[in-house]
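Next come the structures, one after another.
Here come two complexes built around chain A, the first alongside chain B, the second alongside chain C.
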Partner chain A sequence: MPQVFHRSANTFSKVSIFGALFALAAVVYGLALINRSSYVTWAGVAREQPVPFSHRHHAGELGIDCRYCHTTVERVASAGVPPTATCMNCHSQIWRMSPTLEPVRASYRDGTSIPWVRVHDLPDFVYFNHSIHVHKGIGCQSCHGRIDEMNLVWQESSLQMEWCLDCHRNPERHVRPRKEIFNMAWKADDQAVLGPALMREYEIERRVDCNVCHR
Partner chain B sequence: MSEPGKHTGPAGPTRAPVIQPGHTFGSVTDRISSVVLSERMPRLWWLGLGVGFLLVTVLLVAVTHLFMKGTGIWGVNVPVGWGFAIICFVWWVGIGHAGTLISAILLLLNQDWRTSINRFAEAMTLFAVACAGLYPILHLGRPWLAYWLFPYPNTMGMWPQFRSPLIWDVFAVSTYASVSAMFWYVGLIPDLATLRDRSPSRAGRVIYGMLAMGWRGSARHWHRYETAYLLLAALAAPLVVSVHTVVSFDFAVSVVPGWHATIFPPYFVAGAIFSGFAMVLTLAIPLRVMFGLEDFVTMRHLDNMARVMLATGLVVAYGYMTETFMAWYSANPFETYMIMNRFGGPYSVAYWSLIFCNVLMPQLLWFRRVRANVPLLFVISIVVNIGMWLERYVIVVTSLHRDFLPSSWGMYSGTIWDWATFAGTIGLFLSLLFLFIRFLPMISIFEMRTLVPEAEVREESP
Partner chain C sequence: MSGRASTIVVGRGRLRAPVVVWVLALVVLGVGCRQDMHDQPKYQPLEASAFFADGRASRPVVPGTVARGQLREDSRLYAGRDSAGSFVEEVPFSVTRAVLDRGHERYDIYCSPCHDRVGNGNGMIVQRGFKRPPSLHEERLRDTPDGYFFQVVTEGFGAMKGYAAQVPPRDRWAIVAYIRALQLSQHAVLAEWPLETRAELARGASASAPVRRGPAHD
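For the complex of A and B:
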C-alpha cells in the first residue's frame, strides 16, 4: 500500500505541535500588549483643542498655580474646567488682538462655552474624587505627569484599573507632603522613609474594596 | 488473574462472557470498524441524529433569545437565584463521571469488562461536560466576558476570587474536560491507524492518518503507548472524585440549610457515578441493538453496570438518610424546617418522586432476573436519570425558596426558555454522540482484540 503522507509530514507534525504552544502564548502576550497600548488607552496622545492652550506656557513658564483655573480641585470630585471669564481675566489686557484667541473672545461675547476636548475621562461606573486625593497627599503630577511641560495636554497614565490599584495597594510609593501637591517638579529625597511616615500622619489606608470606586 | 480461558469463558457458572466466543482478531476489527467505514447508516441512527439536531436548533433559538434579552427570560429571581442553569450543570457533570471511572479506575483495577464500553463512555463524558460547561457561561449574564473566569494578566490588576468555590469549579471542570479529552484521544490513536489503513477513500486515509499521528504499531510504539496510557489513567483517577467534590462545594461552602453539610462531597460523587452508569446503560442498550454489537457489549456488561448502579444508588440513599438524620440531630430549627418542607412543602412531589426514582426503583437490581431483562434495565436507567435530575432540582430549589425570613419566601419554576435550553443541551449531547458513532469506532478495537483467545500467549509444548 502506498504511503499516505510524505516523509516531511513527520517533521511538520512535530513542529506544529510545539509551535501551537508558542503561537498560543504569543497570542495571549500580544493581546495583553494591545490592551495596554495607547491605541486602547490613549495614553501619551496629545489632543487637538479648539484653542491651542499651552499648559507648558501658563503653568510652567508663567508659574500660574493649578488652582487658579481648576478652582474646585480641593473641595469636590471634579477639578473643574475654567469658564471663559477666567481666561479673560488676563486676556482682556494682554494679547487682546491675537487672532489665535478669537474663539476665546467670541465665547466671551456670546456666552457660549469653548468646546474643550476632554483628555481624562474615566468610565461612568467609576467614582473618582479629586479632593480626597489632594487632601491625602497625592500630587497632581503623580497622575497627570509633568503638565507644566506639555504644550497640548495628553493623558499621562493608562487610567486602567490596574494602574489605580497599583497606588491604592501601595500608597506609600506616591504620597507626598501636602504643601508640595501643586509642585510639579517635587522629588522625594527618600520616598521609602517619607512614604510610610506620611501614611501614618495623614491616616492613609490601603483602600482596595470594590465599593471604594464602584459605588 | 490470568487463568487460561478467563477472557472467553464465564467467570462464574452463570456469568456471561465479556466477548462472545468464536471471535478472532480479524472478525473483531471488521465488526467494529465496519460501523464507521460503511456507507449506509441504520435508519435509527438517522432518527437519533435528526432528533438531536432538531433539539440543537431549539438550543440555538433559546440561546439567541437569552443573549438578546438577558437571564430575565429564565425563571430565576430572588430568592431562587440559582435555577435550571446549576441544576442541569450538576446533572451533566455528574453524567460525565462514569466515563472517567470506567476508563481510568477500572483500567487500573484490571477490570477487562471495561474494554467494550470505555470508548463511548469516555465520549459520553466529553459531550456531557461540553453540555455542562454551557450553563455557567450562559448564566453569566454577559457571556462574552466568560474569560474573566480565568486568572490571566488583565488590565484590571485583579485575580478571580480564589476563595470562592465557583472559581474552583472553573479549574475542576476545565481540568476534567482537558484530561478526559486527552485520555480519549490517546486511547483512539491505534484505532485511528486501523481506520487509516482500512478507509476506502483518500480523504479518509488522510484525515484518519493525520489523527493517528504516524502510528505504525511497532513494538516500541506499543511499549511507550501502554506506559503513557497507564500514566494518564493514574492522572485521571483522582478526577473521578475531585470534580464532583468541588461541584458539591458550590453548595456545601455556603450557609444555606440543606446545602451546608459535610456529607455533600461523597454523596455527590456517588450520585455522579450512579447517574453516569445510568446514562451509559441508557445509551448502550439501544446502540448495541442498533449496530448489532451484542457480541461485544454482552449481558455481562449490562449486569456489571447494573451492579455498580445498585451500589452507588445505595450510597446515595444513605446520603438522603443522613440529610434527614442531621436535620433532626443538629437541633437547628432551620435545618429541621428545611427537611420538613421537602417532605411536605410545595415541592414534596419532586422530593418523593426522587426517592422513588433513586432509592426504590434501583432496589429491583438486587434480582438477577431484573438485571438480565434488557428492556427493564433500560427503563430503570432512564428512571434513575430522571431521579438524579430531580435530586438536583430539590436540593437547589427547596433550600432557596424558603429563605431564613418568611418575608423573602417565594416560588420557583422553570420558564419555557429554561426547558428549551435543557432540551437543547440534550439535543447537543445526542448530536455529538451520533456523529461520534459515525466517524470514530465506538468500541476500542485494539483493546477488544486482547480479549479474544488468539491474544493468549502460551508456551509451546516441547
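For the complex of A and C:
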C-alpha cells in the first residue's frame, strides 16, 4: 500500500503533540491573565457617581483629612461613606447655587440618601476590617492608591485573595508609622530597615490562616 | 443517575458530538456564574435595600431609644453644663498629655479646615469663600468657660454646623483642651511660667513679648 502521508508528517505529528502542550499552557496562562485583568476585578475603572465628588479636590487640594468624612475607619470594620449632612457643613455656603450639587441639597432637604455607586466590594464570604489595618500601621494608600489624586474613585488593587495574602505573608514591605497612615504621599526612606522594626514595635503577626478572612 | 446521563452522550452508537459539547460548555461556563455566595441575602453597612420604604438597609434609631451603655446622664460630660444649667468651667476629666495629643489630632482633622491650625480663622475652606470665623484667640473666647466651647462643637454656632455626629463627646472635650493650649501658646503670661523655664527664656531674646511657640507648629 502506498504511503498516504509523506515522511515529514512524522515530524509534524511530534511537533504538534509538543506544541499542544504549549497551546494548553498558553490557554491556562491566558485564563489566569483574564482572571487578574481589570475586566474581572474592575481594578482601575473609575465609576460614575450621582454627584461628581472629587477626592482630588477635597482630600488633595483642600487637604481635608480622610477622617473628616470617613469617620469610622479607625474604630470599626467599615470606613463608611459620609452622610449628606457632612457635605452640607461646607456646602451650605460654598457653591450654594451650583447645579452640580443639586442632588446633595435635595437629599438634605428630603432626608433621602445619595445613591453612591460602590467601588470596592469584596464577596460576602470574606471578612474585612479597616480598624485592625489602621492600628497595625497599614496606610490607606497601600491598598487604595493615591485617592487624593483621583477625581472619580477607582479600585487600585485587584482585591483578590492573592493580593491580600501577598501582604499578610510579608507585612514588613508595607507597614508604616501610625502617624503617616493618612498621609497619601508618604514614602519610607528605607523600608528594609523600617519594616522589620515596626513589625516588632506593633507586634504584627503574619496572618495567613483561612479563618482570618473566611469566618 | 448515570444510566440516563450516558444515553444522552452516546445514542445507539452514534456520537452526538454537538450535544456533548453544549453540555460540557454549559457545565464549564455555568460554574462561574453562580454568585449566591458573593451576594448573600444579608445586609452590609450602608447597603441599599428593596425591603424598607426609604431604601436603606441601615435603620435609623427609633426616637427615644437608649443603646446599652449610652445613657447620657452626666450632663457635665455630655452637655458641658452642670446641674444648674450653667457652663462647666473646666473639662470634666483630667487632662493628660494623651488627651492633649488626641485633641491636637482631632482639632487638625475637624476644625483646621476653617479655623486653621493655629486658630486664627483663616483655614483653606475660608480662603475658598466660607464665612470667616472669629479668631479663637479673641479675649472674649479666652475668658469663656470650657463648657461653652463644648456646646459650640456639639450644636454648632451660626454658620458653623454641629460636629456631634462626627466627633464623639470625649474627643470634643479633648479638642476643647487643645484649644486652651492653643490660646495659651499665643498669650502665655510670663509670670505664670515655671521658674526654670523663665530663666531659660530670659537667657534668650526679649522675654516680654508674647511667646509664639506652641504645639501648632511642631
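FYI, the second predicted complex is superposed on the first by the 202 of 215 C-alpha atoms of A that agree within 3 Å, B and C clash if a C-alpha of one lies under 4 Å from a C-alpha of the other, contacts with A are read in each partner's own complex, and residues count from 1 in each chain.
Keep this in mind: contacts are C-beta pairs under 8 Å (C-beta built on N, C-alpha and C of every residue); 3 or more make two chains touch, one makes a residue touch a chain.
Because the structure is predicted, anything quoted here is derived from the model rather than measured.
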| item | value |
| --- | --- |
| Which of chain B and chain C A:Ser158 touches, first, second, both or neither | first |
| Which superposed partner A:Val4 touches (first chain B, second chain C, both, neither) | first |
| Partner touching more residues of chain A, whether chain B or chain C | C |
| Which of chain B and chain C A:Asp65 touches, first, second, both or neither | second |
| First, second, both or neither for A:Asp166, with chain B first and chain C second | first |
| Chain B versus chain C as contact partner of A:Ala85, first or second or both or neither | second |
| Partner chain in contact with A:Leu194 - chain B first, chain C second, else both or neither | neither |
| Partner chain(s) touched by A:Val119 [first = chain B, second = chain C, both, neither] | neither |
| Common interface positions of chain A, toward chain B and toward chain C | none |
| Complex contacts: residues of chain B adjacent to chain A | 152-158, 196-197, 205-206, 209-210, 213-214 |
| Residues on chain A engaged by chain C in the complex (per definition of touch) | 62-65, 67-68, 71, 77-78, 80-81, 83, 85-86, 88-90, 92-94, 112-113, 115, 123-125 |
| Chain B contact footprint on chain A (complex, rising order) | 1, 4-5, 9-10, 13, 28, 32, 35-36, 158, 160-166 |
| Parts of chain C lying in touch with chain A, wherever the complex brings them together | 37-40, 42, 44-46, 48, 54-56, 108-110, 113, 124-125, 128-131, 159, 161, 165-166 |
